[in-house]
Each structure stands twice: as C-alpha cells, then as structure tokens.
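I have placed the structure first, in the form of structure tokens, so that the comments after it can refer back to it.
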Amino acid sequence: MTLIDLANPTKFLTLTARVLPWLAALTAILLLVGLYQSAMAPDDYQQGSTVKIMFVHVPNAWLSMFVWGVMSLAALGTLVWRHPLADVAAKAAAPIGAAFTFLALVTGSLWGRPMWGTYWEWDARLTSVLILFLMYLGLIALWRAVEDPSRAARAAAILTLVGALNLPIIKFSVDWWNTLHQPASVMRMGGSALDRAFLIPLLVMAVAFSLLFVTLHLAAMRNEILRRRVRSLQMMQASQRSA
Amino acid sequence: MSLGPYASFVVTSYVLATAVVLVLIAWIAIDYRRQKARLRELEASGITRRSGRGATEI
Amino acid sequence: MRLSGRGVRCVRGGREVFSGLDFEASAGEALAVIGPNGSGKTSLLRLIAGLLAAAGGSIGLEGGEGELTLPEQAHYLGHRDALKPALSVVENLAFWRDFLGGEAFPIAESLAAVGLDHAAQLPAAFLSAGQRRRLSIARLLTARRPIWLLDEPTNALDTAGQAMFAALMADHLAGGGLIIAATHTPLGIAARELRIGGAS
Amino acid sequence: MTALTALIRRDIRIALRVGGGALIGVLFFLTVVVLMPFAVGPDLALLTRLGPAILWLGALLASLLTLDRLFMADHEDGSLDLIVMSRTPLELTCAAKALAHWLAAGLPLIVATPVLGLLLNLDATATSAVALTLLAGTPALTFTGMIGAALAVTLHRGGLLLAVLVLPLSIPVLIFGVSASQAAITGPLSFGTPFSILCALSLVSLVIGPFAAAASLRHGLD
Amino acid sequence: MTALTALIRRDIRIALRVGGGALIGVLFFLTVVVLMPFAVGPDLALLTRLGPAILWLGALLASLLTLDRLFMADHEDGSLDLIVMSRTPLELTCAAKALAHWLAAGLPLIVATPVLGLLLNLDATATSAVALTLLAGTPALTFTGMIGAALAVTLHRGGLLLAVLVLPLSIPVLIFGVSASQAAITGPLSFGTPFSILCALSLVSLVIGPFAAAASLRHGLD
Amino acid sequence: MRLSGRGVRCVRGGREVFSGLDFEASAGEALAVIGPNGSGKTSLLRLIAGLLAAAGGSIGLEGGEGELTLPEQAHYLGHRDALKPALSVVENLAFWRDFLGGEAFPIAESLAAVGLDHAAQLPAAFLSAGQRRRLSIARLLTARRPIWLLDEPTNALDTAGQAMFAALMADHLAGGGLIIAATHTPLGIAARELRIGGAS
C-alpha cells in the first residue's frame, strides 16, 4: 500500500479501520504512563506542586501550534493538488486544534494565578495564543457557514495559510518581547535546560498527546468522509426523484 | 502525594484536560454513529453509490 | 374590472419619456406594450404599479376589490426577480405567499406548474437564469392577484417554458384576470397591442 | 400580522445564514474587546473604566456594518418593489425590518455582554448596568439608522448619506449610554437621569424611524 | 500599466461619487474620538495618554467598516468576471484595488488626524507621530482586510464573518502602531523599533495580501 | 484558430450538470448552445471563459495569439452587464477599453454602432434594460477580442436591436472571429448548433 493509495478515500477508510484500534490502545497506555510519571514527579523548589501543571500545559500548547501546522499542510494539498482528502483533513483538525488551544489557555491561566498572581495578562505570548484560538473559532465558523464543502475548503485553506504567520509570532514572542511567560527551555539551541525529573514525564506526555491527536484526527476524518458520502447520496436521491 | 497550597489549581487543570479530551472523544464517537445511521437509512431507501456498492459498505 | 389611463405623462431623470398616453384593458384581456428600447415600456408598468409617480394624466381602476388600491391588487414581475440566494426555493416562495397575503395556493402545486418541483429544496443561489424566472412566475400563482404587470416575462425561458407560461397566462385571463405585459417577442396569447415610442 | 412575522422570520434567517449565525456576532464582539488591551495597554483598571465605551462602540460598529444593507439588498433584487406594493402598511413593514435587524445584530451583543465583561474585568453590577443600557439603547441605534438606510436606497448614495445622517443621530445615544453605565459603575452621578434620557431616545426613534423611512421609500423609488 | 491606472481612477471616482468610503470612515473616526472623553471622564492627562490608542482603534474600525464592499460591488454587477479574465495579472489588479481603497478611505483618516489630535489634547509632535504611524500602518490594515473581502465574495457571506476573519490579522498592526506612537510621545522606549516593525508588517501585507486575495478569487468564483 | 472541448464534465454545487461534452468551433464560425433551462449553457460558457473549473475533460485553443491564454483572448457577455450606475456611458466604456487593453476602437464609433450615441453623457443608472445591453455590446466592439462568449445576448433587445447585433456578429465572424452563444431564440446568423441536456 503506497501513499498514493492512501489518498483514495475508500482505501483510507479500510486502512484506518485496521490501524485505529492499535493507535487508540497505544495512546491510552502512554497517557496512563505519563499521568503516573507526572504524579510521581518531585515538586519544583520554586514552583512547588504547580509544576505539575506543566505536564498538561506544555503538550497542549505545542499541539495547538502543531495542529495549525498540519492544517497548513492540508491547505497546500487543497490549493495545489485540489485533493479532497486534504479538505477532509483540514476540516477534521480544526475542532481538535481548538480544543487543545483552549486547554493550553486554561491550564496556562491556572498556572499563572499562583505564579504571576493573575489569571490573565495582555502580554505577547498569551495574546498571540488567544488570537490562535480566535482564528480556530473563525475557521470552524467558516466551515459551518458554507454549505458547499469544496468551496469552503478553498477559502479555509487560504485563511489557514495566512494564519500560519501567527505561529512564528507565538513561538518567538517570548524572545522578541520581554513578557511574563518564560522562554523556551525544552526545545532550544544548546540542549534542554530542564531537569531530567521533569523532562521525562513531560516528553512522555507530549508523545501521548500527539498520539491522541493522531487518533482523534483519523477518526474525525473518517466521520467527515462519511458525512460527505451522506451528502452526495442525498443529492443523488434528490435528483433521482426529479428524473 | 501532597500538593501543597495550590492543589486546587493542579487538580482543576488535570480535571479540565480530562473533561475536554473526553468530550472530544464522545463527540467523535457520536458523530460516527450518526453518519452510519444516516447511511443505513439511505441504503434502506434504495440509493446506491456510483461504484455500485451499498451506502454503508466501505 | 377595467384598468385605464388617460393622457399619462412620464418624466424620468428630468427627461420626458412619453406623454399623452391613453390605454385601457378589462378583465380577461391582455395588453402587450411594445416599442423600441428606451421608449418607456418599463416606466409605464412601474407607473401602473405605483412605483413611479406620473407627471401628468391619470391611471384608474374600476370595479376592483373594495378598499384595495390598484398596486395592492397587482403583481409586478420585473427584470429583478425578488429572490434571496440564501433561502431555498420553497422558503422564497413561502415568504412571498405569507407576505403578500390574500388567497394562497399550495406551493408544491405552483412549483410543479412551472417545472421546478425537483429543485424545491435547492438554495435559490443554485438556480440558472431560466429557473429563477420560473420561480418568479410561481409567485404569481401562489399569491393570487387579478392584475399581472409583466416586464419581458419570457426572457430567459426556454421554448417549453414559454409555452408553459403562455398557458398559465391564458388560464389567468380565463379566470377573469388582466395582463399588461411589456415585450419584444410574441407572448403566445391573443393580446391587444399598445405601441409607445417610434416604430419598433 | 402573518405578513410581518413572515418578514421578520425571513430577515433573521437570511442574517443568520449570510452572516454565519449568531455565533459570529458574539465572536465579533469578542474580537473587538480583545483588541482593546492591545490599543490601550494591559492596564486592568483603565480597561474597566473604558469597558462600557468599548462595548457601546462594538454595538455601534456592528449595527453600522450591517445597517446600510437593510434596504439595499431588497432594492437590488427587486423585493423592495413588491414590499412597497403590498397590502401591509409600509410603516409597519419598516418597523418589522428594523426589529429583525435588531434581533439579529443587536441582541447577540447584549447576550454576550456578561462574558465580555469578564474579559474587561467588570464586576457583576457593572456588567448588568452595561447590558441594561445596551438593551435600552441599541433599538435607538437601529431605528435611527433605518432612516439613513432608506434614504441611501432612494438616493442611490450608499454610505455617504447613511454616515452623514446616522452618525450624528447616534452620538447622543452613545453618550447617554456610556454615561449611564459609568454612573452605575463609578458614581457619583445618578444612573437614573442618563438612563431615562436613553429610554426616551429609544422611544422617540421607535416612532420617528418607521415613519421617516416609509416616507422616504414611498417618495423615493424609481 | 494603463489598465491599473484606469482601475484605480475608476474606483476612486466611484467612491467619491457614491460617497461611502471616505466620509463614513472619517465620520466614524470622529465619533470614536468624540465618545472617548465621555468614557474616560474629563481627565485630560489620561485622554492624552490614550490619544494614540483611540486614533488607531478608530482607524482600524473605520477601515473594517468600508472594506467588506471592496470586491462585493464588482461581483454583483459582473465586473469581477471580466477582471479575472483580463490580461492584467490578478495579483496586480487586487493590489491596485486595495491602493484605490486606501487612497479613498485611508488617506482621509490620516488627513483628519491633526484635527482630532486637537480634540484629544495631543501636542504637535504627538499628533505628527500618530499621523506618521497611521501613514505607515494603515496600508497593512487595507491589504490584510482585502484577504477577508476576497473570501467574503467567494463565500457569498458578508459583514461580521468577514470581520471575525480579518480582525485577528490586524492585531499586530494595532500593537506596533500604538506602541510606536506611545514611544514618540512619552518615551522611554525607542520609536524606531516598533515603527520599523510596523513598516515591515505593511511591506509583508503588501505582498501577502494581493497573493492571498487573488488566490481566493481564482479558486472561489463560480 | 480552433477552440475545442473533449469530454468536458461540469459539477456545480456538488451536482453533475453535464459530462462527456465534445464541441469545437473554428475562426469565422458561430456555435449556438441550446438546451432547456438549467441544462448548463451558462455553465459551459463560464468553463470556457475560465470562470469555472472543469471537473473533467479538457478545453483548448489552437492557433490563438502567442502567449495569451484562452480567457485573455475572449469576451464574456453574461446576464450581469458589468456597468457602474454612478459612471456615465462614456466613462463606463472608456474604463473597459483601458482596462481590457489590446487593440482599441474609438468609443464614439462603437456607441454609434449600437445606437447609444445620443445617451453618451447619461449616467448608466438612467439606461433602460435594452440600452444597458447595447452598452455591453459596445464593449465587445471597443476592445477587440477574437472570441466572443455570449449568454443570451439578444435578451432585452428590441427587433431593430436584434438585427443590428446580428449584423455586428456577422462582421465579427467575417473578420476571423469566433462566437459561442447560449440562446433560446434564433441568433439571426448562420450557426452550428450544440445541444445539451434533454430535448428543449
């Protein structure tokens, strides 16, 4: 089975039907391991137990950006190759991405209260993530507002690509402006600055959440393909009746 | 495991994260059921796909 | 019922379009307004519909329904088709039925009469030019009015559509209706001619 | 009566479909509110003070953004001709259209006010004061705006007349709306006076608006 | 070249005749400014401090108000079909349309700034700083807004959806515009950094805007 | 110059309009697209004009001007007339001449050819339906393009106008032009027929 075969919706459905249970199981296991490890992680000498919020906050924050990246790739697929499966991938990813972004915002706020003494601050990092969230909502609204899916797909693709400009702003906002939020410590030039006791649970959780995304995304794509099949069958039904 | 003075924040984060993930999963599962049910209805009304396969067939 | 105009004068954008125009039509009769482009056919229909004010002369209706004014008893079918692209065919028609009030005929039947029944659930944005015109015609059937003011009604209709519409007009006349239609092509029904402007 | 409800239902339905639903309205206000801290800086006390003005400006903008199409769309597709010819008095029709517009564009803002209040750090009393003034005042924005919309249609002059006419009329509404909310939040002035002026403005416009709009449509079509 | 100048001349001429664009923008701008003293109270120092923010907000909202018709009118009367088919690259055409819009609706705002600066108690340096940042930044607002306008046309959706899609894109412009003006007025931060970022944003949008708009028109017409 | 399509398929709003359509036309030839309402005549013209993307098949032009694409060598005259009401007749025409580029013919002559010379300074908002259509036709004359794609071009034209336009089309063909026209009424020139959809 080559990549080209995968691009065929029917093949996609058969393949994912086989892969999904395994993926789901692996995700569940990794999530459990990650949860156990984060429960066992020591308290930070500065942040106390609140450091545990990191294990959910950071993976969700990473994924919020990663999902937009996935949607941008799908957008290229829509515009350049006009591939229907790319439309499906983009549409299915948006609500999941919005959920991750929402979690990044909420857990960030919950962490901010003990650390900075406020839930919300209008600084560059926080605000650019909020903009990301608004753009996710805008995209979802666009998908829902437009009846014809291929038309919506092309508009959404362009908007996604334009919105991708926000990603570097989120990533580098902490370096460009002095903000409350801490600068990158895990993924940065010259190795991680994080203690292994925190790094390992964090990485496990990050992998687990990424797998969660892959699983949910594949499942949502299946739903979307079925939804389109329903739509085209209903159209056929309508025109058969007229004939 | 004692969580100190900020236990509520930590617990809330974890609970919220779990809740949102569960909602996502539930939404996707329900959506799947709904689409399948509609396909079955359509099949029952005698509609076939261009490929000749039944509506619910993969 | 008799609709008549005496010495009607029309001025648009400061220029006189026509003046001293006399016409009349009674129930069961069709009047075809013909004339070259820009001679004032559309303007005359809009005068009768009360959408323009006459610069002189008078237009009157005798023997219509009690207290209703002339425009309230008339349908106006113009170039613009009064359809909302965001609404479906049925929704568009149902709105005009409810809004125009009066005697109402079943939507499904009117749609079938104009050959649009298969498209009932489509958004109006999806209709072709001729299908839009057919939907406008369905409005005339759904909300009944004795007077039809038609501006080039057969535009965009295919040959079958023109025959269909001619039959609908004949029915309307047979039911005691009155038609005034501006047109450049034969209407397909017997009609008296009212010529305005120079030779066509 | 069915004619008017049919009209209101249609207009709301179109607004929701074309605008993308009531969600979009709320999302719009959210974005406008989110803009503020960028502009004025992250000073929460200041934001609180500006809160009512921001919400009021959002309301004005949302109504302006959509109001100039109130009659224009119906004019362009020919519906307006049929509406003018119909058996329903034109004044009532105009009022119904304005009401539909308010329901689709004004009400969502009022419903969303509590959420936005949170972002602007307004407390419960302040939020409800702002929501109350919006409820009392936004009809005035819609009903005065309608006059401009009707004139714009009949004169084939889109934005120009609308702007010249509508904005001066809506400034008093805005001023009393904001000052009533301010009074409720910070005192020491009383809430009652500006609020009752606001209500009076709304009532007056509820009467004047439909008549003026109907008159200009009746005399202006061609 | 003649094709583009013809397009710009036509769009400006229509904007001036039909009104809309320029005047509604300026009037809205004025409303926002007039409203502020009521919102923040009669504290002149505070008003001065907020001045740039208020002017920038006004400019942003005003451009939002007029942008959604950028392609809509051409779409409705069929001109857009001919424009897409023409021998001029669509990207250039889009850029020309945006330029015309900016000349008709953005420039008047900048010209009006000195007058409004007086109302907000800004001194000459402050006013000219704001005017300068507006001059550098409003093109970015127009050119990003154009993307939304093009999407709105192809989706047959107007108004608020457009605003929701466009506003997040304009937030960075607002931030740097305000902080550059603030820096010029109060120090101690340097004016240069935010101002050059602002210019960079404008330049980037000058490139991205026409391409994205042209792409969405090309893929979306039917 | 030869314009041809092979196995063209058109899908709109998720519904197939036609498929497997073959056609061709050479310089000096007119092709009349006929078919019932909603059969896809307008869609075909828009496909050729590059305003819609085909869902299958191919449309090609052989022997056109060097580097120009098919749409760049074509005029599209649709239902919507691309006129700005706020501009005068001359201003409208002058804009399209400058914007469309290429070989340009004097505006005054084109206006005279369509019988609008007396209205040159009027705002386009003042024109009647037929006058607007004549102004659109003047655009075809002012900016020369070899391929004319016409969608029901004689709509709203009076009898004299139809004859005038037939003569203009004949001139265009004689000069090596190519015409594809969707129509429900006879065009008034010799044309090959392309039938789509069921019987008309």
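Some points to look at:
As written, the chain order gives the labels A, B, C, D, E and F, with residue 1 at the start of each chain.
As a convention for this text, a residue touches a chain if its C-beta (ideal position, glycine included) is under 8 Å from a C-beta of that chain, and two chains touch if they have at least 3 such contacts.
The structure displayed is predicted, hence computed values, not measured ones.
Among the inter-chain contacts, the highest number of C-beta pairs connects D-E. Chain D maps onto chain E through a rotation of 175 degrees [Cα fit, steps of 5, range 0 to 180]. Between chain D and chain E the centroid-to-centroid distance comes to 23 Å (mean Cα coordinates, whole Å). One finds 32 Å separating the Cα centroids of chain A and chain E. Chain E and chain F have Cα centroids separated by 37 Å.
Averaged C-alpha coordinates put the centre of chain A at 49 Å from the centre of chain F. Annotation for chain A: residues 127, 131, 134, 137-138, 141-142, 145, 239 touch two or more other chains. Across the assembly, chain D contributes residues 17-18, 20, 24, 27, 31, 34, 38, 41, 76, 156 that each touch 2 or more other chains.
Multi-chain contact residues of chain F (touching two or more other chains): 12-13, 79, 86.
Here chain A touches chain F in the complex through residues 148-150, 231-232, 235, 239, going by the rule given at the top. Of all residues in chain F, those touching chain A in their complex are 13-15.
If you check the complex, the residues on chain D that touch chain E are 18-20, 24-25, 27-28, 31-32, 34-36, 38-41, 46, 49-50, 52-54, 56-57, 60-62, 64-66, 69, 76, 105, 156-164, 167, 170-171, 174-175, 178-179, 182.
On chain A, the positions that touch chain B within their shared complex are 10, 13-14, 17, 39-40, 43, 48-50, 52-53, 56-57, 60, 95-96, 99, 102-103, 106-107, 110-111, 113-114, 212, 216, 219-220, 222-223, 226-227, 229-230, 233-234, 236-237, 240.
Partner chain C is touched in their complex by these residues of chain D: 2-3, 5-7, 9-10, 13-14, 17-18, 76-79, 81-88, 221-222.
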